[in-house]
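Shared between the two complexes below is chain A, which has chain B as its partner in the first and chain C in the second.
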Partner chain A sequence: MIQNQHDNDLLRLKNLHTGFMIDGELHNAIVDVNFNVKPKEVVCVVGESGCGKSVMSLSIMQLLPKLNSKISAGEILFNGEDLTKKTDKEMNKVRGKDIAMIFQEPMTALNPVFTVGSQLQEVLFNHLEITSKDAREKSIELMRQVGISRPEKIIDEYPHQLSGGMRQRVMIAMAVALHPKLLIADEPTTALDVTVQAQILELLKDIQEKEDMAIMLITHDLGVVAEMAHKVIVMYAGQVVETSDVIKLFKNPKHPYTKALLNSIPRMDRDEEKLNTIGGVVPSLENMPQVGCRFAGRCPKAFGDCTKVTPKIAEVSDGQSARCLLYEECYPENHINEKEEIKL
Partner chain B sequence: MSQQVQLDEKKDIHVDKEVLLEVRNLKKYYPVHAGFFKRKVGDVKAVDDISLTLKKGETFGLVGESGCGKSTAGRTILRLTESTDGQVIFDGKDITNLSGSLLREKRQDFQMVFQDPYASLNPKMMVGHLVDEPIRNYTNKSHKQLKTEVEELLERVGLRAEDYFKYPHEFSGGQRQRIGIARALALNPKLIVADEPVSALDVSIQSQVLNLLKELQGEFDLTYLFIAHDLSVVKHMSDRIGVMYLGHMVEVGDKDAIYKEPLHPYTQALTSAIPEPDPLIKKERIILEGDVPSPQNPPTGCVFHTRCPVAMPKCKEIIPQLKEVRPNQQVACLLYDKE
Partner chain C sequence: MLVYTLRRIAIMIPIIFLVSVVVFFLANMMPGDALSGKIDPLNSDPQYIADMREKLGLNDPIYVQYGHWISGFLQGDFGQSFVHKLPVSELVLSRLPNTILLAVIAMFITYIVAFLMGRYAGRRPNTTGDYGVQILNYLALAMPSFVAALLLIYFVSFQLGWLPASGSIGSGIEPGTWDYIVSKIKHAVLPSLCLGLLPIASYTQFLRNDMIESAQKDYVRTARAKGTPEKKIYNKHILRNSVIPIVTLLGFDLAGIIGGSVIIETIFTYPGVGQLFIDSISNRDYTVVMAITMLLTVMTLIGNLIADILYAAVDPRIRLD
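Showing the complex of A and B:
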């Protein structure tokens, strides 16, 4: 039964842990991440800086430096194949072709000493048997698709000659060149102005519909989430604390962190004298509590068990899962047994 | 109102008691040099003819996209950069041409909170010394006095008195911004220019700092010039908002008017472009074409006409001036020009 439910998943993370070596010790930056992305679905990952959103996306792409980081446990299933078991060579075939990625800062993601055209064509040469003339034509076509005017001219320009929005369009053109099934977009609009952000989001939506592609959009902006997502994953301190359908998330968030986050943004359509705040800061990797909920120290609803029992993520209502002891379902199994024993 | 405003005939200065800061036709051009002899070939018109008035105790928000000149405007008003033309009248006194000790004296009254709390604090200085530096510059207080004052300040902005002996790297972004705020408050200023004070911070921290700024405003009787690119943050903080585009002020008005009934096509596009954190709201979105033009070579006429969805032929020729179209709402757009 459970098997069937995940049969048509495009991407599925199972119990994923990724860690970094700090002073010879492995500290997990993300812990027990489980979620799935269905074909053609837009999944948004939200969280504050340092919550592990980028580490997760880099883990999927296997782009983390091997020297000081490690996927310490778990599986990344893409179309049923475990990406963690693939060699570099095999991954090179997946990257760019099946899974593509765009980054936050298009200036640092593009190579400043090559023209945008040659960088676009590089993607094509790597994966296709194609002549340079065809590659150039195809690049121009791609650039036109992502809304770059005068692509014949822009193709011979260098990244510094383009504006931020244009650069991000070039990145998107490179990413969608080979019709990937999944696009991972890591804060694609954070470095852009609002009016340009609106253009890029519109473009991403457009391409997603035309190409039937799934998008995993990583962002910290809840406005962007509301606009783009079908499903939302909320991360806090390296863990997924809530996964939910987008409408349910905004209407009825389950985890106290999600609630606090939603309440702390100033809203254009409301007048508030005072914003709600979340006290304190995210604990650092070395100081992460080993037992109990990671949000307990900042949580307005924390109670005794929160520092003693480590919650697991569980479905708390239809289409919404949370990791919070306010819900019976989230107590680990052995704990429930203990409780029942006491009752008996 | 008009009786209160009397013009000092000699200096042509308002003596309106209500007004703390008045900026008149402020311009800041940066010369561009090129060629072998580095001749001046043109100007980057970072701020081109803006005027604004700040009443005592109010918050004036300045919004716009990157490169529109909002930060330059803030810095020029405080005379951190010299203006090319125009007047800045602070507390009834023209500070545009003040220099030396007179300017130094005045500087106590206007302070700045910077964007990047990582870059604006000297990493080699103890927090206590960072905060008491302005006080030491202006007074001869004893070490003991300074320490108690600083400790009070630190506690007021939400840090602990023990933090006196720590260094900036020991703090998180939000806490560093609190240090920056304590430093700005140290001399009990009248005006604080906050230049993107929360844009480097996370949402949950951002709300803490915004609340703090609001609390302090009442307590210390402050007037804010609040500069930010995030319209929802500006709306939350401000009483009135000025929208800038490419060095020009295109619209000024009460915050509700700017949000609910924006008049300038740019303000309309800007407010509609902000993604609302509610999946059920479907906004009519105006998507602007292209990017902001370079301020070195701005379009003729109305600077916005190249991206404006309702541009008319005459927009290329005539530079629109700010005009009051509705009570308390001024707009610089030819659409509202009756002639």
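Showing the complex of A and C:
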């Protein structure tokens, strides 16, 4: 049964752990991450700063610094192939062509000493046998498609001559140039102002529909999630704590963290004087609790078991999974429920 | 760009003028004057000395003397050297090609060695290879140029006999022949190496450090995300950014080497402008001293200008139009 469910997954993360070496010891930044992205699906990954969203996306692309980081366990299956087993050269064939990525800071993402056009053509030359003339024409066409006006002129300009929104459009053009099946967008609009943000999101939606492309959109902005997502993955302290269909997430969040996040969105339609916050901070990598729920210290619904029993993620209703001991499914096997103990 | 360059050249003129005033007055404040270098005060007739002073215009008010000097200067007459009994222009011009050869070879060696070592170390930071390069750098930085010169003379010239240790040309060689060129270059190699020691060390460090910093920049990550091979990442994306500071140093180097050659030329008895400068100071040959100081000034200013132009050429963010 489960086999069929995952047969046509575009991307599947299985039990992924990625860690960093700090003072000679391996500390996992993300632990036991499982989720899948289907073709043409838009999956939004949400979470606080430091929850591991970027580490996860960089792990997929194998872009983490090799010096002190490694994927310590798990598989990344893309179209059935395990990306963790690929060499650098093999990954280079995948990057930019099958999976593309755009980043958060358009201001620094482009090389300042090369023209925008030459950087755009670079992705073409990397993967195709193409003449300079054709590459240039294709680049102009790509820039037109992402909404850059007068592309014949912009192609010879340098990044510092363009605005943030235009640079991000160039990044998107570079990313979709070779019609990748999956686009990973790591907070693409966070550094832009709201009107530009709306335009870029429109553009992404447009491209997604035209190209039949899946998007993994990483963000901390629930507004973006509401706008773009089919499916939402909520991360906290390096773990996935909830996976849900987008409408169900907003209507009926399952995990206390998700509820707290939705609760802290300021409401314009109510007369509220105080903003709701989530007390406390995310535990640091070195102080991460190895047993029990990682959110227990800040959770308003925490009870005795929460610091003693490590919850596993489990499906708690149709299309929604959560990692919380409030749901019996999340207790690990062969564990006696606290409540049952009392009964006995 | 053109307007910027012209404006810079225009500003150079008042600076040169100011420097000439300072140089002239400083030279005049030094003990003795143009005449004392020529004659022996004990043996000469005081009346003769007084007459000569008058004749040479050394009793005129100082601004008049300055006026004479600067007007001569602008007409290409840099005066007469008292020690060598030659026009200064002839004297300096006979030495200048030697020093220029030294400068060119030194910069050649410097940039090639620094580029290769810097790129090697920058690509593999904190490895044994990198540590090796850095140790060499510290040695080169710590060693005074005259110590290096003496060591090189002893080992390369004396023990191994590979390269000559003094002069700029072998004896009895006809100018204009191939042998002449080879001999000139051979004589310039050791002094150039000593001249280049410090710049090699600093440029290697510069390049290495800049490469390590650039490797962590966002645009490198973007290039990787496009599937660009690692070699191209270094040789194209990173290097193209990291050479910017080095290229701009070329301009400053130009002037620095002419001035820095003073000690080296003396040790190697290499007949260049630097050696002439030192000799003229000790001999109180003021016309030569002033002429060479002005030359160094102009070269420094031109060097700065070249550095700025090169900077704009390699870094598109700096184009000023």
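Assume the second predicted complex is superposed on the first by the 331 of 344 C-alpha atoms of A that agree within 3 Å, B and C clash if a C-alpha of one lies under 4 Å from a C-alpha of the other, contacts with A are read in each partner's own complex, and residues count from 1 in each chain.
Here, a residue touches a chain if its C-beta (ideal position, glycine included) is under 8 Å from a C-beta of that chain, and two chains touch if they have at least 3 such contacts.
What you see is a predicted model, and the numbers here were worked out from it, not measured in a lab.
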Quiz item: Quick one: chain B and chain C on chain A, clash or fit?
Solution: fit
Quiz item: Which of the two partners, first being chain B and second being chain C, lies in contact with A:195: first, second, both, or neither?
Solution: first
Practice problem: Figure out whether A:109 sits in contact with chain B (first) or chain C (second), or with both, or with neither. | Solution: second
Self-check item: Which of chain B and chain C A:171 touches, first, second, both or neither
Solution: second
Practice problem: May I ask you to decide whether A:322 touches chain B, chain C, both, or neither, giving the answer as first, second, both or neither? | Solution: neither
Practice problem: Specify the partner with more touching residues on chain A, choosing between chain B and chain C. | Solution: B
Quiz item: How many degrees apart are chain B and chain C as seen from chain A, counting from C-alpha centres and rounding to the nearest 10?
Solution: 70
Exercise. Please work out whether A:48 is in contact with chain B alone, chain C alone, both, or neither, and reply first, second, both or neither.
Key: first
Quiz item: For A:262, is the partner it touches chain B (first), chain C (second), both, or none of the two (neither)?
Solution: first
Self-check item: Distance of closest approach, chain C and chain B, by C-alpha atoms in Å
Solution: 6
Quiz item: Which part of chain A faces chain B closely enough to touch in the complex?
Solution: 48-49, 163-166, 193-199, 201-202, 220-227, 229, 246-247, 250, 260-262, 264-269, 272-279, 281
Quiz item: Given the complex with chain C, which residues does chain A contribute to the contact?
Solution: 61, 63, 88-89, 91-97, 100-101, 103, 105, 108-114, 122-123, 126-127, 158, 160, 171, 174
Quiz prompt | Residues on chain C engaged by chain A in the complex (per definition of touch) | solution = 217-219, 221-230, 237, 240-241, 244, 314-317
Exercise. Using the touch rule from the top, collect the residues of chain B that touch chain A in their complex.
Key: 65-66, 172, 174, 202-208, 210-211, 214, 229, 231-233, 235-236, 259, 269-281, 285, 287-288, 291-292
